[in-house]
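First chain A sits with chain B, and in the next complex the same chain sits with chain C.
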Partner chain A sequence: MPSGTSSWASKVLALLAKDLRAEFRTRYALSAVFLFALTTLAAVSVSLGAGGLPAAYLAVLFWVILFFSALSGLAQSFIKEAETKTAVTLQLATSEDVVYFGKWGFNLLLLLGLEVFLVPLFLVLLNVEVYQWWLFVTVIFLGSAGLVSSTTLIASVVAVAGVRGALFSVLSLPVLLPLLVPLVQVTEKCLTPGVMTPGTAELRILAAYAGIALTGGWLLFPFVWRE
Partner chain B sequence: MTGPDSTTASGIGFVVTASGVSKAFGRRRICTDISFVLRRGDRLAVVGPNGSGKTTFLKILCGLLRPDRGTITYHFHGTTVPRNHWHALVGLVAPDLALYDELTALENIRFLNDVGGWGKTGGQLRSLLGDVGLAGREHDLLSTFSSGMKQRLKYAAVLVKAPPLLLLDEPTANFDDSGAAIFHEVIQRQRAAGICILATNNKQEAELAERHIVMGE
Partner chain C sequence: MWWKYLAGTLLAAVSVAVFILPPPQAQIGEASRIFFFHVPAALIGFVGFVFSAVYGARYLQRRDPAFDRKAAVAAEIGLTFTIIATFTGAIFSRVTWGMFWNWDPRQTSILAVLLIYGAYFALRQAVPFRDTRARLSAVYLLLAGVLVPLLFFVLPRLYPSLHPNNSLVSGGGEFAMTLPVGLTFGASLLSFLLLYFWLHQLADRAGRITEKLES
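And then the complex of A and B:
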């Protein structure tokens, strides 16, 4: 049977590279995500001032800003394929798992890029001090992986749905709530002086969530992608 | 027109079978009990007025939609091909299918080559663009292309894969005379390479096929 000869990974990378190139030319998702984050962070910073907020509030603020910024952009790569009629091209170009992991990788890079931009601004504008850096970085990475793994599948559902509207947010909120709670708890520990905890239990929960969401998305995606 | 040698080889032993295929959207019947067997060299025309379901039938044939009743089966050297592998065997040129406006012509077909793993070199991809009359426009963004040029690029995109099953929906839409010549050359080559199915309202195009299905009757 004739088929492609390249490795699975190189096909995924080809889709990832295409999405990155298209994104840098159109700023379709980038502008939505970064402007939302910047606007929200500026509003919070001006309203609350720098310093004085308890660690619990700071942790909640951090994830709320990141969460809603991400929601404004993570669905775009799939929705754009549907709106511009390139989804059919992609369906006939490669296998479902290449599409799923290519889009997952793009969304993860988009979110990590947002965090590289958002975290320093958050720390500076709200005068936040991080007491456990390794834990803080690990939590952000695991949280991002979980967030992206859930939203990639949901975005594909929304893209094929006739009526989109607020469907992405409505579907995402209940799925992501179990992720947000441990994220906020561990982040609070990172921002609290004198609390030197490894946070092992929470990290396990976050890693398990990301793993289950990624695997579940991979298994369910073919049913969404082809009728 | 130059083309890959694998084109000819890939269609040998490939058979498409439709068995009692029926599809309806609500009360609107698209097709009823369609059956056929197609082998390399066969051409089938799907004809009928606008809205009769020609495009829907092509989408069923390439696995984008499921029939309500009946089956479509791809066989390759006697082995049934799983539906999730059909994408490697079928190429579609259709108004409902678009390429990426934010990429150049060459980037578009390079992406399709890489994501499908077809292993064409840069020179082969440029040659394909030349074959469809897009030489010199390789590095122009698709958003700057006319509708006829976009249609030409769709042909180049499908030739990257050199599929044993080629589906052409309104194949000469937006084409000028030289574009129509590309269409004729492609389906001529496809006779040696595999199966070609045309969905068209154009009598002359339909007459290029030996077998016909009339939709909307």
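And then the complex of A and C:
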């Protein structure tokens, strides 16, 4: 363990910066996630036409598109370490905590980047009106934090298992179920005119999910990472 | 050894008693008898899940392959009973609510448990090396174990439950725990629990022999 918090944080940031730099050189995860989101959104939008959908359907579509897009690329940062055999170097170079939080930060940035691009497109292509902007932004942020927190650990499991393909989604979705339900509920409130209830109970569940997933992942990660 | 005789006798007795001892429930009639199989099966499915997670945690602590074998055995039996509970529940749902599946909170949570078991075995099949497989599957089960209980806070906000636990057994008191009902249910629960331990012992022994033959 490093001595001070500042050196620990700087190590996490260094790993994050390394991942970002590597990502911008190949843009593999980035293009996978963005194009997946774009094609799914286009497919949905083309099939539905420009008609206004009820808020409940829009909320479901939004999160289903976002979940599956995220699941198409969030495992990449760990899989790449396993494929290029740099995982061992990383194991020698730094502690598990640094790796876990570095990867968590990278995945969160990747997902937030995707949302900056996907959310406006979704609103425009499906003619969506947002009535409670602050709640909408909060929900997206909390949902992303929860999504990234539980999938970072699962991504490391998939990378160590050495399997590609559908296993990441298969392992992630049952664990994400308690997140999906409140997300859809609050999002529906944001898209319905005249609903002024803040939905604090749901927001608390979302925050609790992210907190539990992040802590659980942090405690379990050493068992995955260390032989 | 003695408890296996008890389990056998109890299971036989319960299978008969369920159709004789408790009176048919006032509202739903004879269909209510499925309760004596459905509820214990669901509980055993949950017990298998808990045991599996506990054995997984023990494996991570000690790195003893026996714990991993026991975790897998508990999950196999748990999955079997969860499937039984899902099917008996769907039949009951069809009889009382008119459809097999209506996303009642109980049905959603049992689906989540089924999905986790499915993912757990998919992970186990995907990893060829024994130690890695044991480590990863234990980690996954523990993560699922801390996150999925949140469903119990989430789901009641979504739909009001029609599950008899809320609407029939305790709510209206129509299916009250009278002595014949309570006795049959208790005996059924005990026999299912004993059956679980029996199956666990058998499957564990079979797994141990398979490992010996392979090595």
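Here, the second predicted complex is superposed on the first by the 216 of 227 C-alpha atoms of A that agree within 3 Å, B and C clash if a C-alpha of one lies under 4 Å from a C-alpha of the other, contacts with A are read in each partner's own complex, and residues count from 1 in each chain.
Definition applied: a residue touches a chain if its C-beta (ideal position, glycine included) is under 8 Å from a C-beta of that chain, and two chains touch if they have at least 3 such contacts.
In this text the structure is predicted, and so the values were computed from the model without any measurement.
**Q** With both complexes superposed on chain A, which partner does A:V64 reach: first (chain B), second (chain C), both or neither?
**A** neither
**Q** Of the partners chain B and chain C, which touch A:L30 in the superposed model: first, second, both, neither?
**A** neither
**Q** Which partner does A:S6 reach: the first (chain B), the second (chain C), both, or neither?
**A** So A:S6 only meets chain B here.
**Q** For A:L92, is the partner it touches chain B (first), chain C (second), both, or none of the two (neither)?
**A** first
**Q** Determine where on chain A the residues touched by chain B overlap those touched by chain C, and list them.
**A** none
**Q** Note which residues of chain B are touching chain A in the complex, please.
**A** Chain B reaches chain A through residues 6, 9-10, 62-66, 76-77, 79, 81, 83-85, 87-92, 94, 96-103, 107, 111-112, 114-119, 157, 162, 164.
**Q** Write out the stretch or stretches of chain A touching chain B in their complex.
**A** 1-7, 10-11, 14-15, 17-18, 21-22, 25-26, 84-86, 88-96, 98, 102, 222, 226-227
**Q** Quick one: in the complex, what on chain A touches chain C?
**A** So the residues of chain A touching chain C come out as 150, 153-154, 157, 160-163, 167, 170-171, 173-175, 177-178, 181-182, 185, 201-202, 205, 208-209, 212-213, 216-217, 220, 223-224.
**Q** Where on chain C is chain A touching in the complex?
**A** Within the complex, chain C contacts chain A at residues 60, 108, 112, 115-116, 118-119, 122-123, 126-127, 132, 135-136, 138-140, 142-144, 146-148, 150-151, 153-155, 157-158.
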